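In the two assemblies presented below, chain A is common to both, partnered first by chain B and then by chain C.
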Partner chain A sequence: MIEPLDGERADHPTTDLDEVVHQRHRLGILTIAAETRQAEFGYLREALDLTAGNLSRHITVLAEAGLLDIHKGYQGRRPRTWVRITPAGQAALAREMATLRALLSRHDND
Partner chain B sequence: MTNNLGAPADPDGLLVDLHALRAKARHDRNGYWLPLLVFGVAILAAPLAYRPLVLPIGFAGGEVPQDYGPQLRVAGVLWAPFTQYSTNDFFDFGNLMGIAAYWLTLVIIGPLLTLAWYHWRARRVGVAGRTGTYLVYTLLSLIAYSGFYPVLWWMFAHSQWFGGHRSDVALLSIGVLAIGLTLAAVAALPGRRGLPMSLPRKVIVGVGMVMAIAGAAAIGFCATFPPLHTFGPLMIISIGLLALAWSERSWLCTTIAVLFTAAAVLANLYDMEDVFTRFGQSIYRPGQLVVFDNLLLPGAVLVLGGVVGWLVTRRRPA
Partner chain C sequence: MIEPLDGERADHPTTDLDEVVHQRHRLGILTIAAETRQAEFGYLREALDLTAGNLSRHITVLAEAGLLDIHKGYQGRRPRTWVRITPAGQAALAREMATLRALLSRHDND
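Then we have the complex of A and B:
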């Protein structure tokens, strides 16, 4: 969790932001994975416009946090990596989206 | 795909970008158009499997020689399990087991081909949809239609009310189907905004779908009595397509599946050839043409739906 700054109210929506998830590309990976049974590495790289190294780092962080499962296999002779969102990943994504909406609503009301 | 995920933005911009990503993944994952097209063409081609009855030379009346397939005695009632996949027009058609083989192949091989198509597509595109739901509900529907039949037959043979009120049973079946589908839809819809569905909602969806499957199987059963025509396999296909529409999260696929379900109910519980005779067609129509009259609407809904679905999936999401 992001620590609130001095004077910031503890109930401010930003206190609910998850450091692991609250990164644009990681949110993108989780969003695509949540919409599918599994998504392939190459598809994610193209959809998110990332280099293979960057995408690999983001996926590793999410997998280490238990938010994604990684499956490696072959299509013919070509190695393929598939990612699958876990229930914890779905819950984390849902929380993050709710927080973003709350932030937006608060921003609109200020 | 071009996206703005690399650039700093406000929550509004981020939510818009994520919404676009979700739409793209959903669009790339959708592959329902081919199963719709295949099932539609197979349904329209089904009349070709119905061969006219040719009586043997010297037939002097009495029982028409027919092959009803294996017959079982269940609780004192004689039951020919394959005839529910065939036809009750014993005087028009002479290949009952051939007709049963056609429909059984369609309701067994069709779903397997659908799964193979989604598997192939996932490897090609890079995103895989959730086809497990489709498989489970199609299988349950197949089991229900096959398994309910002797139970309903037994009730029909032993209950005076059940036997004497066939139209009431048909109306009850439609009611159970409609209530089940409504229950499942109402429980499933709020879970569509990316939130995982809660257990109570999953239970309600499951109960609704079981009701729908029971209603569909009972509609198929009612249709095995003349003057109606036996098109129970259409109900199995309709339950599978409704489950597929839910997995696909596609309004177009859902609309087509609902329209097909309505057309399948009509084909089972209404003599669609009456519509054609009202428009001036001869009442003395060959049996194969009567079958076509009844299958035209459900088949056409799927073929048109498949073509529209193909056109929509070719377009890139906005």
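Then we have the complex of A and C:
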């Protein structure tokens, strides 16, 4: 058992994780959006194995946090929704990845 | 925009994440428990900056999933609660870490 020293700030890497980004489906949406110029709703649904309602809810959370932009338009005659990662989204994803890297590095050094 | 090929299973790494383990506080509890023979409740609360109620709820989720054992006893005259990671917990944490490593490696290769 490890006991903290008086006044020591334990600062475990998981305390730096942001739940808006860390939630697994949102992490999936953001990483795919970061890989592509824009990601189409149906593609995300397939890639992440989500229902339309579930994907829509997670995209809304990310858009309201300013991490994604949502664009609606047409591909031929078919209405389509695309998402793009914002600069704030790229920064938030980079922070998440840095924290996960710290967690893995701590774990590997056990 | 990436379009999936017909019949292609997209298989994004985040679809392999288990929400019981991936939730950031539970990931913190499991990684600390994996680092120590046993972790004391008050220590976890401090290290993860959680309220007693919140920590207790997450420990219960992990114990009900068979990933942690909970032990109650005394340290001197003070009642104490300790948690230990189970073999199933170690396996689940190893899967989480492997998936995070795959996610980071995919992200780094963008």
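Details
Here is the rule we use: the second predicted complex is superposed on the first by the 100 of 110 C-alpha atoms of A that agree within 3 Å, B and C clash if a C-alpha of one lies under 4 Å from a C-alpha of the other, contacts with A are read in each partner's own complex, and residues count from 1 in each chain.
Going forward, a contact is a pair of C-beta atoms (placed from the backbone, for glycine too) under 8 Å apart; a residue touches a chain by one contact, two chains touch by 3 or more.
Please read these numbers as outputs of a predicted model, since none were measured by experiment.
Contacts of A:E19 after superposition on the shared chain: chain C is touched, whereas chain B is not. Legend: residue contacts after superposition of the two complexes on their common chain; A:Y43 is shown touching both chain B and chain C. Look at A:T60: by the touch rule set out above, it reaches neither chain B nor chain C. In the superposition on chain A, contact of A:E35 is made with both chain B and chain C. Of the two partner chains placed around the shared chain by superposition, chain B is the only one that A:Q90 touches, whereas chain C remains out of contact. Put simply, chain A uses residues 24-25, 27-28, 31-32, 34-40, 43, 46-49, 82, 93, 97, 100-101, 103-104, 107 to touch chain B in one complex and chain C in the other. Those residues of chain B that touch chain A in the shared complex are 1-3, 5-6, 9-12, 14-15, 17-18, 21-22, 24-26, 28-29, 122-123, 125-132, 194-196, 249.
Listing the residues of chain A that touch chain B in their complex gives 24-25, 27-28, 31-32, 34-40, 42-44, 46-49, 75, 80, 82, 87, 90-91, 93-94, 97, 100-101, 103-104, 107. Of all the residues in chain C, the ones that touch chain A in their complex are 1-4, 10, 12-15, 17, 19, 22, 24-25, 27-28, 31-32, 34-40, 43, 46-49, 82, 93, 97, 100-101, 103-104, 106-107, 110.
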